[in-house]
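Please find the structures below.
Next come two complexes built around chain A: one with chain B, the other with chain C.
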Partner chain A sequence: MRDQACIVGIGETEYCRKPGSGMSTLALQLKAAAGAIEEAGLSAASIDGIMPFPNVGKAEELAANLGCENLRYAATIHMGGAAPVASLQAAAAAVVAGMANYVLIPGGWNGYSGPRVRQTVSSDTASIPGGTIARDYYLPFGMTAPPQWYSLMARRHMHEFGTRSEQLGAIAVAMRKHAQQNPRAVMHGRPMTLDDYMASPMLADPYRFFDCCLETDGGSAVVVTTAERARDLPHSPVYIMGGACGQPYPADEITNRRDIFRTGLTIAAPEAFAKAGVTPTDIDFAQIYDCFTFEVLQQLEEVGFCKRGEGGPFVEGGRIELGGELPVNTHGGLLSEAHSLGIGHITEAVRQLRGEAEGRQVANAEIGLVTGWGDFGDGSVAILRR
Partner chain B sequence: MSDPSSDYAKPLPELDGHTEDFYTFCGLGELRFQRCDDCGAWRHVPRELCPECGSWSWQWARSSGRGSVFTWTVVTRALHPAFAESVPYAPTVIELEEGVRLLSEVVDCTPDALEIGMPVEVVFERATPEVALPKFRRVSA
Partner chain C sequence: MRDQACIVGIGETEYCRKPGSGMSTLALQLKAAAGAIEEAGLSAASIDGIMPFPNVGKAEELAANLGCENLRYAATIHMGGAAPVASLQAAAAAVVAGMANYVLIPGGWNGYSGPRVRQTVSSDTASIPGGTIARDYYLPFGMTAPPQWYSLMARRHMHEFGTRSEQLGAIAVAMRKHAQQNPRAVMHGRPMTLDDYMASPMLADPYRFFDCCLETDGGSAVVVTTAERARDLPHSPVYIMGGACGQPYPADEITNRRDIFRTGLTIAAPEAFAKAGVTPTDIDFAQIYDCFTFEVLQQLEEVGFCKRGEGGPFVEGGRIELGGELPVNTHGGLLSEAHSLGIGHITEAVRQLRGEAEGRQVANAEIGLVTGWGDFGDGSVAILRR
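Take a look at the complex of A and B:
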C-alpha cells in the first residue's frame, strides 16, 4: 500500500486560550473540516468518508452540517490521542480498497474554555478504555489524571537509565523554541529557558508544570485520498508511505505490564518502517505526540531513533531542535503550539513536506514521521513523504 | 458510592462483581488476588480468565501482603478536588512478592523518603463501613 494514498488538504482554526474560541466544539471541527475540504479543492459532497475523533465527534452530525450527502464510510479508532495518526492508516486503506474516495479526519475541542481533561477524565469512565479500572483501583488512591499516570513511567525510566529532569527540560525548551517560529502557536512570543523550566512548579513529580501540554481551544482536519485522485487536486500530495498502530499489554491497566516501557509504538514502529521501506536514519523530521515531555523521550526510543535508555542524552545538545539532526515538533507541539488532539502534528508534517513551513522549514525535508499517543499508552505512527 | 452518613469524601470503588469481592476481603484484613488453578499465575486487576493459560478456573488466593516500591509520583497539585487537602501525596505502585502490582500509597512515609525497592507490607485503611483500602507501611529489610 506504500504511496498509494496521500494527504491532499489541511485545515485549522486559530488556537487560543483566554478568552476562549467563542465557538462550540462542533463548530470548531466544522470550521477546520471546511478549511481542509476547500484547501483540497473538493466539495463537501465528494467527502464520502469521515473518521471522527473518539468521544468528541459524530460522523452523522459532521456530515449533516457540512453537506456530505454521499457519506459511505464512518469509523472512529478508539485510541485517544493516538486516533488521528491511526486514522491516517485506516483512511489510506479505505481509499485504496474503494470503501471511500475522500476521507476527512477532523478534530477539535474547547480544551481551554470547556471542561478540562485533567478534571473530567477521572469521572468519565467511558472516555478511556480502562475507565472502570481507573475508577475502582486508581482514583481511590488519588491517581486521578494523565500526568500522574505517565509520571510513574517517567520515574521508573529515571531509576533504570539515569534520565534527568534537565533532559525532560531540553524537550520542553526545544518545543518552545520552535513555537517562536510559528505565529499560530499559543506560545509564540513567549520564549522559555531551561532555567525557567527548572523553576516551574512540580505538578506530579517528576513532572513540572512545563512538562505538561497546553490546554487550548481549536480544531484541525486533514483529507486523504488515493494517489491517483490526488493528481487532479491543487496541492502537491503528501504520500503515506506506511502506517501502523499498536497497544501496550494490558492496554487497560497501567501498572501490571511486565515491561512498562513496551507501549503501542513499540509494536507499531517496526511495522511502519517495514511498510515504508525506510529506516529511522532516513527521517528528516519527526512530529512526536507530546502530551508530556517524557512521552516524547520514550517514543523517540521506541520508534528507534535511539536505543531504549538513551533518550535522555539523545534529546540534549540541540539534536531535536530546528537545525539539529532530528528536528522534533517543528510547530511547537502540544507543549507550545496548541493541543488540537494530535492532528496539528499531521498538518505540520504536511506543511514541512510541501515546503510551506516558512521560518521553521526543515531544509530539503523529504520524509517525515508522525506519532500519536493515547489512553494508557496506545500508539500510532505514520511515515510520510513529499 | 460513598455512605452518606460517613465523612469520607474521597472517591470510592464501585462495589460490583470481582471488585466487590476484592474490597470485601480488604475489609476482612486480607489482601487477596485471583490465582489461576491451572498454571498458578497471580493476577490483578480482576479478569474473567487467565491470560497466561486460558483457564477459567481460579480462586481468591491470599497474598503475603509483602512487597516493595516499584515506582511512584508525587502529586503536589491536586487535579481532583477531593485530594486538595492531601497534597503532597504519592500514589505508589507496589510490587507484591507474588509478582502482581497494585497502585496504592505508603502511609508511614513522606513522599521524599520513598525509594524504589523499599520493602513494605500491607495495612488496611477503613474508608466507609463497606470499603477498606489496601495501603502499605515500611518494614525493615
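Take a look at the complex of A and C:
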C-alpha cells in the first residue's frame, strides 16, 4: 500500500466564531468539499467515493448536493476525532482496491453557532463518545463535557510522572504562536504568553480555559486517489506512506482500563511506521489532534517521539515550535486555528508538504505525521510525504 | 483482489417470532458473532476488525462484549439492507491491505419483539431510509412504512412492462417452497400456494401481505480473512471473487429519479462481474435481498440474469426454484426464512458452496451470487466461489 494512494486536493471554509453564521454543518462540509474537488482539478461527477463524518448523516446527503452521480463506495469510521485520519487509510485501500477512483473525506461543523459539545446529552448512544458507559455512568453524575472526561488522564499523568501545568501551557503557547503565522486561524492576531495561560480560569482540574480547543464554525475536506491517477492532476500529490488506527480496550471507558495510557495509538503507531518504512526520527513535523493540551503530550509519547512519562520535558524549550526539533500543529491546531474535527490537521500537512505553508513553512519538509484522537482514546495516524 | 479474501466462519442464532424473546439486537448479534468466530476456529482476541451494522452503535460495543482487545479496523457502511454485502468487499480490501487480519461482520435485530420497522419514525434523519427527503416529504403524508415506499416501483414496473401479480406471487411461492427444506426457517412446515398468495390481503397496492418479508428476531455473522490465513482454519474457505456496491442518484428519493429502475446495482453489478471475471451464466445460484417480492425481480434484471422488463416471465415456471435454472434464496430468504438484514443470504451462500445445505443443496454449486438492497435502491453484490 505504501505510496500507492495520495491526497490530491484540499478545501476549507473560513473558520470563525460568529453567532448565526447561518451555515449548517452540512453546508460547511459541502462548501469545503466543493473547494477540495475543484482544487484537485476534478468535477463532482468524478467523485465516486465519500467517507462521511457521522454528523452529516449518510453519504447520499453529500452526493445529492454535490452532484456525485456514481457513488460506489461510502463508509463511515465512527471514531470521533480519530475518524478523519483513520478514513485516510480506508480511502487509500479503497482506491488501491478499485472500489472507487476518487474518495472525498469531508469534515467540520458549526461547533460555535450550532449546538455546543457540552450540550450533547442524548439518549442516542451512538452519538455519545463512550456510548452506553458514558450515558449510564458519566452523564448522570454531571460528567457531561469533554474537559471533565479527559482531565482524568492528564491528572493521572501528573500523578505518575510529575508532569506540570507549565508543560501543558507550553503546548497551548506553541499552538497560539503558530496561529500568528496563519491568517486562517481564529486566534491569528491574538498572541498568548505562558503567564496568560496560567492566569486562565480552572475548568476541570488540571484543565484551564486555555487547555481546551476552540469551538468554531468551519469545514474542511480532502480528496484521495491513486498515485497513478494523481499524475494527471494539477497539484503535486502528497503520498500516504502508511496509516493505521486502533481502539483501546475497553474502548468506551476511561476509568476502568487496565492501563489508562494505552490508547488506540499504542496499536496504530508502530503499525503505521512499519508500513511507511520510517521511524519517528524521520518525521519533519507532526500535526497532533489537540482537543486538549495533554492529549498532544500523550500522543507524542504514544507515537514514539519520546518515552512514556517524558512528554512533559519533551514539549518544553520550544522543541515543538516552528524552528524547533519537531514542529507540532504548525497551523495552530484545534487550540488556536479552528476545530474542524481533525481534517484541518490533514490539510495543513498537505500545505507543508507542497511547500505552500508561507510564513509557517517547515524548511525542507519531506515527511509529516498526522494523528487523530477521539472517543476516550481511539487513535489514528498517517505518515505522509511529498 | 479476486480470490485474495474469503469467508471462513459463519454463525447464526435461532430465528423466531416470539414476543418477549428477551434478546436485544446487540445480544442477538453477539451470539451470532461468537458462533461465527468459534466456527472459524478463532478466538475473539484474534478479531481485529469489525464492521458493525448501524443498529448496534459503534464497534467498541461489540469488541468490549466479545473480548476483541486489539481492534484496529472498524467501519460502518450506511446502506440499509445493502450494507452487509457491501461490507464484504470492504472487509476483503481491509484484510488484503493489512488493515486487519480477521474482520467480523455481524447483523440482525429483534425485528419482531423489538420496535417494528413501520414504527421507525424519528427526527434522526440518519436512521430513516431516505433521510431528510423521507422525513420531510414522505412521512408527514402517511408514507411511513417500507411497503408503501417500495410498492411505487413495483407498480411502475407493472405499468411499463406488464408485470403481473402472479409473477410476484411466483417469487413468494418459491421462497416459501425453499423454506420447507430449511429447518431454521420460520416458515418451515408452513407451505404456501399461489392461491394462498393471491388471497392474502392487499396492504399497499400492488403489495399483498405475502409480498412482504418477515419480521423476526435473529442474528447472523460472518468472518473474513485472507486466503493465506484461511489455509490454517478448519473450514473450506469461500472465496470472494468480486464485490461492488453503488447508490442510485439521487439516492434518497424514489419519486424524483430520472430512471426509477436505475439502482445501485446498475453501477455495482457489471463492476462485480468484471472483477470476478465471470458472467451471469456462470452463476449456479443467487441469494437476492428480498425485502419484498418485486425487489427480487428488479435485482434479477439489474444483475443481468434477464433484461429490463423481462423479470416477470423470468421468475415463472420454476426457473428460480431449487432444481430450476437459477435457484434463488435457497434458504427461504427474508420472505420465508427470517430477516437478519441480509447476512443470512451470505451464510446460506457459504453453506451452499461448502456443500452443507442438506436437503436444499444445489448440485455441484461452484459459484454463487449474493446481493444486498436497501434505502430506496442502494445496491451491493458479491460473487463467491468454493
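Keep in mind that, in the parts below, the second predicted complex is superposed on the first by the 377 of 386 C-alpha atoms of A that agree within 3 Å, B and C clash if a C-alpha of one lies under 4 Å from a C-alpha of the other, contacts with A are read in each partner's own complex, and residues count from 1 in each chain.
The definition used in the following text is that contacts are C-beta pairs under 8 Å (C-beta built on N, C-alpha and C of every residue); 3 or more make two chains touch, one makes a residue touch a chain.
Because the structure is a prediction, the values reported are computed rather than measured.
Asker: A:140 in the overlay: touching chain B, chain C, both, or neither? Say first, second, both or neither.
Answerer: Only chain B is touched by A:140; chain C is not.
Asker: Contact-wise, after the overlay, does A:74 reach chain B, chain C, both or neither (first, second, both, neither)?
Answerer: A:74: touches chain C, not chain B.
Asker: Which chain, chain B or chain C, ends up touching more residues of chain A in the combined arrangement?
Answerer: Tallying touched residues of chain A, the top partner is C.
Asker: State whether A:256 touches chain B only (first), chain C only (second), both chains, or neither.
Answerer: In the superposed model, A:256 contacts chain B only, not chain C.
Asker: Examine A:247 and indicate which partner it touches, taking first as chain B and second as chain C; both and neither are also allowed.
Answerer: second
Asker: Quick check for you: in the superposed arrangement, does A:132 touch first (chain B), second (chain C), both or neither?
Answerer: Both: A:132 reaches chain B and chain C.
Asker: Is A:93 contacted by the first partner chain B, the second partner chain C, both or neither?
Answerer: So A:93 only meets chain C here.
Asker: For A:271, using the defined touch cut-off, is the partner it touches chain B, chain C, both, or neither? Pick first, second, both or neither.
Answerer: A:271 contacts chain C only, not chain B.
Asker: Could you tell me which stretches of chain A are touched by chain B in one complex and by chain C in the other?
Answerer: 132, 250.
Asker: Which chain B residues qualify as touching chain A in the complex?
Answerer: Within the complex, chain B touches chain A at residues 10-14, 19, 43-45, 51, 70-80, 83, 86, 89, 91, 93, 100-105, 111, 116, 127, 131, 133.
Asker: Mind pulling up the chain C residues that touch chain A in the complex?
Answerer: It is residues 1, 52, 54, 57-61, 63-64, 68-79, 89-90, 92-94, 96-99, 124-126, 131-132, 244-247, 249-252, 264, 267-268, 271, 275, 375 of chain C that touch chain A.
Asker: Which of the residues in chain A come into contact with chain B in the complex?
Answerer: Contact set of chain A toward chain B: 118-119, 122, 132-133, 135-145, 147-148, 151-153, 155-156, 159, 201-207, 250, 253, 255-256, 260.
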